[in-house]
Amino acid sequence: MINFENVSKHYDTQTALRNITFSIEKGEMAFITGLSGSGKTTLLKLIYLSEKPDEGTISIDSRELNTLKESEIPLLRRKIGFVFQDFRLLNNRNVFENIALALRIRGINDKDVKTRVFDALKTVNLRHKADYYPDTLSGGEQQRVVIARAIVSEPTVLLADEPTGNVDPDTSAGIMRTFKNINATGTTIIIATHNRELFRDTGRRVLKLDNGNLVSEERG
Amino acid sequence: MATFAFRLALRSILHEKWINLLSILAIAASLLITALTVLSVYNVDVATQKLPERFSMMLYLKDKLSGGEVENIMNTLKKEHAVESVKYIPKDQALKELKTMLKGTDHVLEGLEENPLPDSIEIKLKKEAVGTETAQQLSTRLRETKGVDDVEYGEKFLFAISSIKTGVKTIGILFIMIMSASVIFVCYSTVKILFYRKKEEIETYKLLGATKGFIRAPFIIEGAFIGLSGGLLSLLGILLVYYIVIFRLSHTIPIFNALIFPANISFLLPPIGLSLGIAGAAIAIGRIRY
Amino acid sequence: MATFAFRLALRSILHEKWINLLSILAIAASLLITALTVLSVYNVDVATQKLPERFSMMLYLKDKLSGGEVENIMNTLKKEHAVESVKYIPKDQALKELKTMLKGTDHVLEGLEENPLPDSIEIKLKKEAVGTETAQQLSTRLRETKGVDDVEYGEKFLFAISSIKTGVKTIGILFIMIMSASVIFVCYSTVKILFYRKKEEIETYKLLGATKGFIRAPFIIEGAFIGLSGGLLSLLGILLVYYIVIFRLSHTIPIFNALIFPANISFLLPPIGLSLGIAGAAIAIGRIRY
Amino acid sequence: MINFENVSKHYDTQTALRNITFSIEKGEMAFITGLSGSGKTTLLKLIYLSEKPDEGTISIDSRELNTLKESEIPLLRRKIGFVFQDFRLLNNRNVFENIALALRIRGINDKDVKTRVFDALKTVNLRHKADYYPDTLSGGEQQRVVIARAIVSEPTVLLADEPTGNVDPDTSAGIMRTFKNINATGTTIIIATHNRELFRDTGRRVLKLDNGNLVSEERG
C-alpha cells in the first residue's frame, strides 16, 4: 500500500533520510524506530506530503505522490490520521472542538460530529475533559487528545509519531490496545517510536533507522 | 460547511473583539475623514461654481458708433472661444442702472443734462474660462479693437477665486488619495495581522486536510464584517456630523446653511467598507500553499 | 544588560520589519495629517485676521451740521467699546474720492454744480468686534443718533467671513482631535499587537526569571523607534509638501504664496512621535504580573 | 531544603494536588512518578511559583514562598533550572540564543555566555545544532535543548519534567548520567517521570502520586 523507492531527503546541511526503500502492506501495523534525530518523523512527514522527497518516489495505493496536484493534497491527508509528535493542538479551542475539527474539515454534520468525537474521547479515557482547553491539560492528556483527533475520522492509514512519549506504561498499553483494535478493522498503521516496549513480542515488522539509513528490518 | 465558516468567523470576531474593535474604529475614522473631505471639496466646488456667473467682462464703446459697427464688434465677440454670451447695453439703460445702484444718493446725477456714460457690451464668459489667462488675454486683445474705448475685467479677484478653487481641489484630491490608501491599508493590515496571528492555526488546518476554500472563508467573512461595521459606523458618524452642522451649528453660524449634504452618497459608505474589507482580506490571505 | 535590550529591540524591528513599517507609515500619515490640519487652521486664522482691517463703518451726517454738533457725535463714538478710531470726512473730500473711484468715467460728475454728497465719519472697529452682533447693534443704535442721516455697514459680508472663520476653526479643532486620537491609537495598538504577538515569548522570559524591566525595555525601545521613525517620516512629508506648495504650486496658483509655514513647529514632529511611541508602548505593556 | 506542608491545589473543577506533605534534602536527587494527570507537573510548578497553592505552605531554604514579594519571584526562579514538559523554546531564535537567554537574563557578559552555552550543548550532544531553529529539530533534539537551557545557569535546584519522553533509551541514559554529575556537585534535583527505567535500581527516593494524592514514598 505504501511504497518507498530510493527515497532521500536533505535539509540544508542535514541529510534526514538516505536512499530508503521499503513497502508497507495494506492492513499492516509496522514500527519505525531509531535514535533521536535518525529520521523517523521525516519519514512519516513524507508519507503525509508535509515534506517532499529530494530523490526517489513514494506511492500510496499505487498512486505516485509527486504526480499529485496541489488540490489533491488535502484529499490525500483526509485518508490519513496523524498523531503529531509536537501535538499541534489549538489552544484557543477546547478539547471537543480540537477533535471535531478533523471531522468539520470533511464536512460532516454536527450530530455525527458529536457522537464520533465523544466516542473517540472515551477511547482515550478523556470524556471528562471535553470542555477543557489543551493548555490546561497534563502532557499525557494532551497526547491522548492528539490520538483521539487522529482516529476520529476513521482513516485508512494511521501515522503515529511517538504516541506514548508523555504517558505512563499503563496508559501506553491502553493506547496500543486501541491501535490494535483499529488495525483489526483494516486500517494500516505506522508507529514511530523509541520505546521498545511498544513492539516487544508483537511479531510486527520493525524498521530501524540510523542517521537517515534504513539499517534493519526485524520482527518485534 | 458554510455554516461552520460563519461560526468560525463569529468565534474569531468575539474572541478577538479587542483587535477587531480597533480595526473597525480605524476604518470608520478613515472612511469618515475621506467622506468629509469629499463633502468639503464638493461644497467648495459648488460654492465657487456659482460665483463666476455674477462676474462679466465690460466693453465700453467709443462715442457715436454706428449700428453696423456695434453689430460688427458683437459678431467678432461671439466667435471668441471663451465667450458664452454678449449683451449690448445702450448708455441710457446704463444710466438707469447707475441711478438704481446709487439709489438713496441719486440726486448726485440729477444735475446732469446729458448722459455722460458710454454705450457698453456685457460679455458673459464661459464658466471654465473665468479667471484664466485666456480671459485675461482676451481682455487685452479687445482693448485694441477698433471702436472699443476700454475693457473692464476684475482679473485679480477672479483669478484669486479660480486659484482657491484649484488649490482646494488639489489638496482635496491629495487628501482623498491619502485617506483612501489608509483605509485599504487598515483593512489589509488588520486581516494580515489576524492572519498572521492564526498562522499556526492555519498550518494545523492544512495538516488536517482542509481545502483552501475552507481555510479562506472565515477570514473573508471576518474581513467583510470588519469592513461593513467600519462603513456603518462611518455612516453613523457622518449622519451625526450632518445633524450637528445642519441642526445645531447653522443656527449660530449661518454660513453652514449653504452646505450641501449629498445624503445618498453617504449611504454608499457601508457597501464601500464591505468591499474594501473583503478585498483587503483576500489580498492579505494571498496564495495558500500546501 | 542594557545593550542586550537594544539588541533584542533591533532584532524585533528587523525581524518584524513588515508590521513595523506599516505602523511607522500609519503614524507618519496621522502625524502628517494632523500637522497639515494645524497649518490649515493657522493659515485661515492668519488670513481672516488681516481681512477686517480693510472694512469700516460709514456714518453719513445730516446736511449743515455745525462744527460743535459733529464734534459731539465724534466724542460719543470714541466712547463706544467696539470703536477703534474715527475719522471725519468732509463732503469735498468724499467727492474727490468718488472721482478717483470712477476715474475713467469721471465726466459723469463733471456737470455737477454743487457737491451732492454728505459729510461722513469713517469708523474703524476693533478687530474682535468686526462682524459680531455688537457691531451690528452699534450700527442700528447710531442710525437713531441726532444728526446722523444713515449708517452703512457691510454686515452680511463681514458676518459671513466671521462665520467662515469660526467654522474652519471648529472643524479644524475637531479634526486635530480626531487625528491626534488616531496617532495615539496607532501607537498603542501597534505595541499592543507586537506585545500580543510576543505573549508566548514574554511568558517564557518570565518563567526563566527575567525581571520586569528586562522584559519591558525592548518593547519601550521598539515603541520609541516606531514613534520616532513615524515622526521623522512625517517631518519629511511636511517638508515635501512645503517644497511642492512653495516652490512648485505657487508659480501656477499664486494664492499659495500667501501661505505661512511655521517650519520650527514642524521640527517638533519627531520628538512628538517619540513621546507618543514611548507612551503608547508603556500603556500597551501595562502591568506585568508573575 | 524544599518543604511541602499540607499543600493542596485546585483548578476550577479539578483537584490537582491534595494535602501533600514531604521534604527534599539539599543535594538530594528525587523522583516523582504517577499516572498521566496525577499532578506531577503541578507539583513542580508550585516549587517554581508558576502556580500558587490553594492550601498549605511551601518553603525553599526555610523561606516560605507565600511571603515572597512579586519582585523576588524572578530571583527565586534564577536559582532554579526547569526542564519544561512542553519545552517552551522560542521558535524565532536559534538553539544557541534559546540557551543563552537563561544567562542573558542574569546579566552575564557575552564572552561567558558563549563558553557556557557551548559547554551545555556539548553535554547534551548538540554542539552541531547550535545555529538551528527549534522547529527544525527532531523531538528528541528539542528536548535536549531544553535540558541544556536548564543546566547552563548552574542552578542550585533542577526541576526536570518528563525529561526523557522524546528520546531513545541510549540518549535517555546519557541524560541521566548528566543529571547524576550535576547532582554530584551539590545541585538538588527533582525529576518527574513516568519512565520507571530512570529510577530503577538507583536507590533514590521515589514519590508516587495518584490522582493528586501522595500515595507512597519508596526507594528506586
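Labels A, B, C and D are assigned to the chains in the order they are written; within every chain, residues are numbered from 1.
The rule is simple: a residue touches a chain if its C-beta (ideal position, glycine included) is under 8 Å from a C-beta of that chain, and two chains touch if they have at least 3 such contacts.
All values reported here derive from a predicted model rather than from experimental measurement.
Enquirer: If you walk from chain to touching chain, how few steps can bring you from subunit A to subunit C?
Expert: 2
Enquirer: Can you give the whole-Å distance between the Cα centres of subunit B and subunit D?
Expert: 69
Enquirer: For subunit B and subunit C, what's the span in angstrom between their mean Cα positions?
Expert: Averaging C-alpha atoms per chain gives centres 22 Å apart.
Enquirer: Where the CA atoms of subunit C average out and where those of subunit D average out, how many Å apart are those spots?
Expert: Subunit C and subunit D have C-alpha centres separated by 64 Å.
Enquirer: Chain adjacency by touch: line, ring, star, complete or other shape?
Expert: The chain contacts form a single closed ring, each chain touching exactly two others.
Enquirer: Which of the chains are touching one another, listed as pairs?
Expert: In this structure, the chains touch in these pairs: A-B, A-D, B-C, C-D.
Enquirer: Could you list, by residue number, the parts of subunit A that touch subunit D in their complex?
Expert: 11, 33-37, 40-41, 85-86, 136-141, 144, 161-162, 165-171, 194, 196
Enquirer: Can you name the residues of subunit A that touch subunit B in the complex?
Expert: Residues in contact with subunit B: 48-50, 70-71, 73-78, 80, 82, 84, 88, 90, 92, 101-102, 104-107, 149.
Enquirer: Under the touch definition given earlier, write down the residues of subunit B that touch subunit A in their complex.
Expert: Within the complex, subunit B touches subunit A at residues 1, 4, 15, 200-201, 203-212, 214, 289-290.
Enquirer: Over in the complex, which subunit B residues touch subunit C? Could you list them?
Expert: Spelled out, the residues of subunit B in touch with subunit C are 19, 22, 25-26, 29, 33, 60, 98, 104-105, 107-114, 116-118, 150, 159-160, 163-164, 166-167, 170, 175, 178, 182, 185-186, 189, 193, 196-197, 249, 253-256.
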